[in-house]
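Chains: A, B, C and D, in written order; residue numbering restarts at 1 for each.
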Amino acid sequence: MFVHQTTVRLHNTDAAGLLFFAEQFRLAHDAYESFMESIGYAFAPLIRRSEYLLPIVHAEADFLKPLLTGDRLEIQVRAEKIGDSSFTLGYTLVRNGTETVGTVRTVHVLINKRIGESISLLPELREKLETIAQ
Amino acid sequence: MFVHQTTVRLHNTDAAGLLFFAEQFRLAHDAYESFMESIGYAFAPLIRRSEYLLPIVHAEADFLKPLLTGDRLEIQVRAEKIGDSSFTLGYTLVRNGTETVGTVRTVHVLINKRIGESISLLPELREKLETIAQ
Amino acid sequence: MFVHQTTVRLHNTDAAGLLFFAEQFRLAHDAYESFMESIGYAFAPLIRRSEYLLPIVHAEADFLKPLLTGDRLEIQVRAEKIGDSSFTLGYTLVRNGTETVGTVRTVHVLINKRIGESISLLPELREKLETIAQ
Amino acid sequence: MFVHQTTVRLHNTDAAGLLFFAEQFRLAHDAYESFMESIGYAFAPLIRRSEYLLPIVHAEADFLKPLLTGDRLEIQVRAEKIGDSSFTLGYTLVRNGTETVGTVRTVHVLINKRIGESISLLPELREKLETIAQ
């Protein structure tokens, strides 16, 4: 698995005093970006130069514990499924090294920009995803 | 169903040029807030004075079409399930009155703040939810 | 002046119970987008097709009153200054039609993408800005 | 000065491909939270237990360079002014250790919650602020 460290910030919370639910998806995406950077797929050049799109087509999350400003989180990223043209990432949010406080799942599809259709995952991307497969 | 009108704004998008996926959850929550206000449950007094919490314990979304800055959306809110202490809302995002561009689902649980446990939905809340039941 | 109506949403607030300061800039930008759309400069086509950039080079805000989830705001947009290649917009946030709760100012510069330098405001943009000049 | 490290994330950008201006205020606030934690003023307990409020009453920023997803930033925090009941923080955003890409300034006032009026800065807060005074 890939591990990303983060901290809940004030702007992630709302007036109820806790993490706003949609922010858990943001935090998970930060971990996804870190993972992608770590395997050589930094987003800025990908977006500018690439002939591919990699949209998220489905996302879901469970919110297990209330999260406060300043909470230190470890986000563990795993490849739950690697299909032909898509893959599913699972994220586990762990507070203080021991307490699972939430989970996220995102499904990504590789699209050829020009033809607008899904295509098989590039072999090098597939290989990298397999390093964090469960 | 309850209907909420909104517009995709620049800050909802990211450098890939389209709506950032987590923002679809925000837009759905805006619709939820509008619905709650419409049935007499404005958030500010609820949060300040209430002996209840109504956290979201699960959320999921499907992203069907790319969304651009300026897109006009109608968000339709329906109560998909009304349980004893929880309820599930379904949101359908419709562009230009005809095109379904995404869906969201959120699961809410009513908690008694003092005892920290789920309790039965208040009868008046249940009744209001039933007006948007499928 | 141009007038934009909005509502403070839960995700605009933070755990202190009030609008998170940076969100006031977002709300002002929503008003700016509405104004630009109203004069024929919708952002999505502008970003995709245009040979121009219109970055914000300076922004400032005063936060006069605490804002709560559900507060109805009218944002008044005025052109405070129209220069050769830049213009300054001023925004006044008014709650419930009478109470000024905050102000924002943004400075925009027109840039030619290809040469990367500021250029004179297009006559039609200047003309439209003059309709909301103080 | 106090130094905070961060990375521009995809959700900080917009469809124009660059950091959305209001996000620079968020990033600065993250640095402020880190500083406050480092001097013993973590936000979560402050908000819950404190008899004080410390709202931002003014903020401004200059946007000097376009920022991309993945850009590594060092945010330097300095106390520009320490008054009787208020203080001003200045933030300098530096990319790759050498390039100043933006600045932010925030003005904070200490308020007694019960009486709703500004009060003199607590001596221990003043002392800590002086450690990052220019």
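By definition in this document, a residue touches a chain if its C-beta (ideal position, glycine included) is under 8 Å from a C-beta of that chain, and two chains touch if they have at least 3 such contacts.
Chain identities (UniProt): A, B, C, D = Acyl-CoA thioesterase.
Just so it is clear, the structure is predicted and the values come from calculations on it, not from any experiment.
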Which of A-D and B-D has more C-beta contact pairs: A-D
Euclidean distance of C-alpha centroids - chain A vs chain B, Å: 23
Distance between the centres, which are taken as Cα means, of chain D and chain B, whole angstrom: 32
Gap in Å, rounded to a whole number, between the CA centres of chain D and chain A: 27
Residues of chain A engaged with two or more neighbouring chains: 10-11, 15-18, 20, 22, 26, 29, 43-44, 47, 68-69
Chain contact graph, described as a line, ring, star, complete graph or other shape: complete
Touching residues (chain side chain D, partner chain C) in the complex: 15-16, 18, 20-23, 25-26, 29, 43-44, 47, 53, 55-64, 66, 106
Contacting residues of chain C [partner chain A, same complex]: 10-11, 13-18, 20, 22, 68-69
Touching residues (chain side chain C, partner chain B) in the complex: 9-11, 17, 26, 29-30, 33, 37, 42-44, 47-48, 68-71
